[in-house]
Amino acid sequence: MKKIAVLTSGGDSPGMNAAIRAVVRKANFHGVEVMGINHGYEGFIEGRMDLLDLGSVGGIIQRGGTKLFSSRCPQFKEDQFQYQGIEKMKEAGVEGLVVIGGDGSYRGAMELTKKGFPCVGVPGTIDNDIPGTEYTIGFDTALNTVIESIDKIRDTATSHENSFIVEVMGRDAGDIALWAGLAAGAESILIPEEAYDIDEIITRIKRGEARGKKHSIIIVAEGVMSGSDLAKLLKEKANITTRVSVLGHIQRGGSPSARDRVLGGRLGAKAVEVLLEGRGGRAVGIKNHQVIDYDLEEAFTKKHKADLSLYTLSKELSI
Amino acid sequence: MKKIAVLTSGGDSPGMNAAIRAVVRKANFHGVEVMGINHGYEGFIEGRMDLLDLGSVGGIIQRGGTKLFSSRCPQFKEDQFQYQGIEKMKEAGVEGLVVIGGDGSYRGAMELTKKGFPCVGVPGTIDNDIPGTEYTIGFDTALNTVIESIDKIRDTATSHENSFIVEVMGRDAGDIALWAGLAAGAESILIPEEAYDIDEIITRIKRGEARGKKHSIIIVAEGVMSGSDLAKLLKEKANITTRVSVLGHIQRGGSPSARDRVLGGRLGAKAVEVLLEGRGGRAVGIKNHQVIDYDLEEAFTKKHKADLSLYTLSKELSI
Amino acid sequence: MKKIAVLTSGGDSPGMNAAIRAVVRKANFHGVEVMGINHGYEGFIEGRMDLLDLGSVGGIIQRGGTKLFSSRCPQFKEDQFQYQGIEKMKEAGVEGLVVIGGDGSYRGAMELTKKGFPCVGVPGTIDNDIPGTEYTIGFDTALNTVIESIDKIRDTATSHENSFIVEVMGRDAGDIALWAGLAAGAESILIPEEAYDIDEIITRIKRGEARGKKHSIIIVAEGVMSGSDLAKLLKEKANITTRVSVLGHIQRGGSPSARDRVLGGRLGAKAVEVLLEGRGGRAVGIKNHQVIDYDLEEAFTKKHKADLSLYTLSKELSI
Amino acid sequence: MKKIAVLTSGGDSPGMNAAIRAVVRKANFHGVEVMGINHGYEGFIEGRMDLLDLGSVGGIIQRGGTKLFSSRCPQFKEDQFQYQGIEKMKEAGVEGLVVIGGDGSYRGAMELTKKGFPCVGVPGTIDNDIPGTEYTIGFDTALNTVIESIDKIRDTATSHENSFIVEVMGRDAGDIALWAGLAAGAESILIPEEAYDIDEIITRIKRGEARGKKHSIIIVAEGVMSGSDLAKLLKEKANITTRVSVLGHIQRGGSPSARDRVLGGRLGAKAVEVLLEGRGGRAVGIKNHQVIDYDLEEAFTKKHKADLSLYTLSKELSI
């Protein structure tokens, strides 16, 4: 290959820029040119792209978001538009594609590969929910944003002796809630993977109060229920008053953490290696500290599993 | 005076601990002992307090929240409980009180002073809404928390070319919205002090779009309307889709900024000076960089005015 | 005027970008075009500049450093090169210049004004040492960087019961040392404006030890002496062992604080106003919360005075 | 066992408090009491300790440093003092000890175990240099502190087009330099594990300059040489002028990152498990995301190896 392209797709995550930078520089290191496609698959269909040289990815490693923009593109599910995009790429001499995004983005990449245009997937999402890789790019930064927010909330919780419910991201995956809850010393954590027991949560709060503790922090992943619904439940069942904080979009942004930058760099570089070896339809990931590649299809057909030993630990430590 | 007390009351704010530290050390410097009353006026009524020596306020200058806890105390409005608290103080040899809090807390301080127990008020609130002082302790930290959050949201807004509404604190005072909006380069700012013109906001968004700008940040103070109500309004009137982020309680906490620590130190020390001069019923504040004291009653009878020149400027700079 | 230019000169400071943005947008608001000169006076001499439109200053308000680069330019002291630059400007239709920088940069601006090319100075430096304005753009961010660093150092100081000397910037002005020292609760502060008394410093450390305090933080402005020289002095005179941390260049960078962004916005806008009124040879500044303008010459002929009431206060609070 | 103790020893690291909290809570969960020994082995010898109950470790998970203080204790190398400490423990009914610290601290723990007092080691050091565990508690926070500092320095480097040398911690282990260098996009990284080639560094700088890049960041681990020595070398050999920043002690402190808090929690809890099983002379660690335990002696007889694949990658990405 002499020329490849890179795009970001789905929700943005901190470290995507580090991955873009690595794709460009690793490819350049091997004498291969890189085109940056703007606005994800939408730009792919329309062949909207620019050459990314070494300088163009300077000064982005520390930036949140994605330099290449992202978008949702429902059109892209149709074969016709996929073929159109491939055509645009071929016209421009582009022979392969690195897709940085979540599992939805991986499906598109698999479709393109099947149609003869080799793609490699790089896991970019804060949710840490892509099967086959232990971590996704952006997860670590999101965790740190969440715990810094909870630390702030705890200042008020402690000063006023109030209990707070903090709603964090995670529709199907409880990783953010679980890790952040453990890191912030939350009294209770509710994740989609485990049925919650409202009576146990109430018991924990009451037991804390009985020994003089006057504030609690409860973390709930949005996939379980909303923070305000949980507040209502606690009020109705046990007359416990709580305040609710929904962290929302601040969880997606910010300068990437050291881990996310290193992970972005390693996985972006690996994706280029795999692509240059002519192996499309692969996803890259990290497993036992080694960068690996595996069948792209696994990433959206299998199911991500959160490390539930952390869940058990969090219960033991928040007695 | 040989012994005074200090309490924090109302919503906690970053820098309250710096003020407590200054009260203790300045008083100690003059050979006067300081009792720390826990849980605001509730603790005052019950005489719940401990001696604060030099060491007990070590290592707190950088902590958010308040070491002395805070609480709302409806009982305290009744004369009977005020007299009870004064009695407790006298029994313990306490001759005066420094009250760190917002304007609600100042009312109580005035009542006590009128009943013969001299109090001095120190402005501790993130809202910057206390008349007679240009800044309140905690405002600067809250501003920085808000702009860091908006910077994160902007990463996503830019990457996805979405518009965001960010709801910030401020029921009656638009200072947080105004300063943070200007500092974060928000496209529109809605504050309680100025009637908003929904058509103008829509025009700004459309004008930005027309020249290629694909995202906007709109800041709304909670006192104007909720972020989600504003989102509905924009949808109904102009079919503009926005995402909403409610910053909520994270605005109150966190390690205080340099300004808030210095302000806490200066005002806490000044409060001791005023009290030791036997001048109760005063509030301390900052005006033209000088620490001042003024009639405590002014602080809750007059009205705080936001600096509306910033509002005009923000409109000019976000064309 | 129909077209003006803007440059940054001298050491960079956080908030310069906010000021550049304000210059461009305020001028555009008045229908005036702005050219951005790259690399300070060096670029001025060579007429190296680009049109800055509204979009070109989007997304920079939160960035440290300066988008326009900066440089020292000894050549610029010579009349010949000043005339050459003015000629370049005239050729390009540029009728006036906003100079963002320190007092050294102001001298050049005055020279150009005297030669018929009107300039207005905007105070951009972390040192807070420009006479005529109470604050300079970048000072507040530098303070916050310094206190965050000291907070980290204090974690180790407390854990190991060691004393630390922290050397901060400030050759002639002690503002950073003074404010940061007060904000961080430093036990001693050494500034160029006040003669230090090594015996007093030693007494403070020993007095703290005597009452059980086992760590101290001493802040020294680089203009007084180096941290390592102070460490030697303490060792020789009183056998006190200290560790030294030189904060160095991290003090200049980073995303600007809310205050610095607002200050940059206000002063940049004011500079345009003054320039469009045809009033060259002026500096803009902030005094009693009002943006003001004053004779540019004052800014480098008078002497900045630190607020020494803070020095007295810091001594009282660190007893 | 009914009662155990915990101490921290050697250089403090962020996350030690999270580990202490986990030790206490996990032990309490199993009905076992925990004594907190102050000042490391010095306190052990003298039996200086307090009961740590659930409440006493509340509000420390987010604090840098160590609540239990740390110290170097040369005395402790002597058998006599080791026996004395064991005697003190037995008198107080303490049956085992968790030692949180670096490899030096592990030696002491092994000695005690051999003398019949079972100890388990928890890796607490920012250097990431303990064999047998992939990560040590504090490393991740230190990395993030370093890259935030470099991001600030890069603001100035970019604005002024200067090259900077940043000296980071790491006498024998290059992990901080390596990870931080990769995460910050450093142009060159010097670590103790790999011989540096000054000519290659010079070539990199010159090559960057040739293609228009005017600033470089070079990271050097203190174990290779000092930043100022490297600056001299570059000046002498190639007339390249650089500025030097020595990050120093700020690398040790600060609120721990999410990873370090989770790691502290997991390893602290594991240490209690191992100790309660009566298995002294073990170290706990993390390997392939599993908490493990292994022979304590390995931790100071084997040699830690940095992941040199990151070194290769950094060279490829900074072409």
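Observations
For clarity, chains are labelled A, B, C and D in written order, and residue numbers in each chain start from 1.
FYI, a residue touches a chain if its C-beta (ideal position, glycine included) is under 8 Å from a C-beta of that chain, and two chains touch if they have at least 3 such contacts.
Note that this is a predicted model, so its numbers are computed, not measured.
Between chain A and chain C, the least number of touching-chain steps is 2. Residues touching across the chain A-chain D interface largely coincide between the two copies, over half of the numbers being common to both.
The chain with its Cα centre farthest from the Cα centre of chain D is B. If you average the Cα atoms of chain A and of chain D, the two centres end up 28 Å apart. The distance from the centre of chain B to the centre of chain D, each centre being the mean of the chain's C-alpha atoms, comes to 39 Å. Rounded to whole angstrom, the centroid-to-centroid distance between chain A and chain B, based on C-alpha atoms, equals 35 Å.
Annotation for chain C: residues 151, 154, 158 touch two or more other chains. Considering their complex, residues 18, 21-22, 25-26, 28-29, 54-55, 58-59, 61-62, 134, 140, 143-144, 146-148, 151, 154, 158, 179-180, 182-185, 211-213, 255, 257-259, 261-262, 265-266, 269, 288-289, 307, 310, 313, 316-319 of chain C touch chain B. Listed in rising order, the residues of chain A touching chain B in the complex are 8, 11-12, 14, 39, 63-66, 69-71, 145, 149, 151-156, 158-161, 164, 243-250, 252-254.
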